[in-house]
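Take a look at this one; I'll ask things after.
Think of it as A, B and C in the order they're written, each chain with its own count starting at 1.
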């Protein structure tokens, strides 16, 4: 029933990414800007954070892909994000939603629900966030932050099918689904949750992989798998959460060589 | 006259913190967001940066503790902070003030004075900042940025007693006082001042320790002591300010084990 | 025709900087705040990010130098930057412009052109940005992001002479020119472009070196040379872009000792 990652597609997708080094327009939260940029750069992509409304609209059409992360949402930022999403759609550029903390916080949850109708190429969140997005349609079920990705899979599949998008749920096992097909990605390490921004940066990497031609479901799963892989490598070499950070970026930077030997 | 850190309380407080992993709402400056989050995560706490007024008000009641740091204050941020502080107070959650650069900058100094009446659980700053907060009451004495914590101790004690709060002054020797009792914490290393955010992150850690039941003065002193301890460990292992950063986070992450051996 | 870096001036400038540890007011983009602060601290300078209009105006007169970086420009930030620049000029403090992504983005390009008339002490950018700033005067020539610094040198010289300022173009070879004299600085490593903020941080360091008395052209070239030197050292010791970051800061921190042995 569950589909596996296709290692040939995975390997080719990484090569494709590194050859094309897509320009990713990141409208993300204040806490993870530097880390997100450095993760994209380690992958060989070009990050650019552009937030002023006029510029965000202009730049979303120029960039290859757009990330919208609602982590430190404000009214101003919301306005600029709306313009950018419409501009990306008009220019036929994929955009990805990261619904950080959707559920308990009303303002951003309302905004995420609004964005759902604007055809995201993918949505990447944790179990609770994805369940919150699907919440109303599932009968207003409350959000439990202790949910596992297994708990959230039906919500993800429902959401993906309804919106004709891809939903990726991150956790001990990641699930990536378009409502019909579902890929499970295992691996990673709990230490990844003790460093700020690994999830937010993954969403940016998902946006980057969404710019590639081919099987988008496999490509999004590749993004999830490579980040878990880098997390495992980093964990093996680090002495705590501090040294995890440079080791994680180094591991991403070295993915190319790793791939070539596989 | 000076009280010592009670090592039993210190050790238990750390264990308590790591068991409860409090959710800390950080309204802090743009420069230290990532570092603050990573310090809290290394301690086993959950950081969340929420800044939109409606959300900040809502979240301050949900989180276990709140940090208000005026480092890159704006009019919008000020408005959201006010709502969050009132909400925290209403929900009986402790909040901590970090009066970054209070004194020479009029706008934030005015705001800090306003906040003083809103019952902070603790105030954490350097000597000049604490003297600036106490300034008017001490007769409008000017602020000298070269003040030592010894110079600032009377101002700290005056402020703590007047506001029925705890004041922590950071420097070569930290003083933590409630106006009557005063704890001195020595240690640390000058290198800690050559990396941005060690003081701001300490304020977030103080907010985390303020969420614990028990002797709050000892708990705030514990926060100061553990950060100095991590700074010493990091200094021993680093080759400059760059490698200090991951070593410092690693040292915090490893504090648990260290404590258990003591 | 090209002038060399004067190693005596370079060595003395670094010592001067470390003795005076100038206070640098950074109005910079959201992505590079922490890294910029840590680079300045590693050099022995004092960074301060102050952005609220009233405070920015007040602080620009107090600080020794000002950096204006338009990376995540907003209307609010623009307003505060204008006040700060006028205040710096009035107080006779040097200010530096980093025209991040000027050219393709209309809003910031317009603002950069406005700022050009306000007597920056120096402008630091990449080839495309400098060509965009000079663009209209060179006959509306389009900006090609693939330009080398050699391509941009005439634009830099034109701009520097017209505005009576110093223009530094960063690339494989950096050029620093006042329109008449031009210094070339080689070295560095491509890895520096795979980490976010090395260029933005250089602009802050340029602002710091602009606060020194003496030959400003040589001082700006010194800033460029020292950053390239640190980049080379870091590259030799790192295993990827992640470990490059702490190694780079360590290399800057250790520059003093290096210099003393030369």
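Convention: a contact is a pair of C-beta atoms (placed from the backbone, for glycine too) under 8 Å apart; a residue touches a chain by one contact, two chains touch by 3 or more.
The structure presented is a predicted model; accordingly, all values stated were derived computationally and were not measured.
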| task | Could you run down the chains that neighbour subunit A and subunit B together? | result | C
| Could the interface between the copies subunit A and subunit C be described as same, meaning over half of its residue numbers are common to both, or is it different? | different
| query | Distance from the CA centroid of subunit A to that of subunit C, rounded to the nearest Å? | reply | 33
| query | Which positions in subunit B touch two or more other chains at once? | reply | 30, 34, 245-246
| Residues of subunit A that touch subunit B when the two form their complex | 29-32, 34-35, 71-75, 101, 104-108, 194-197, 238-243, 245-246
| query | Any idea which subunit A residues touch subunit C in the complex? | reply | 30, 33-34, 37-38, 41-42, 47-52, 54-55, 58-59, 62, 76, 245-254
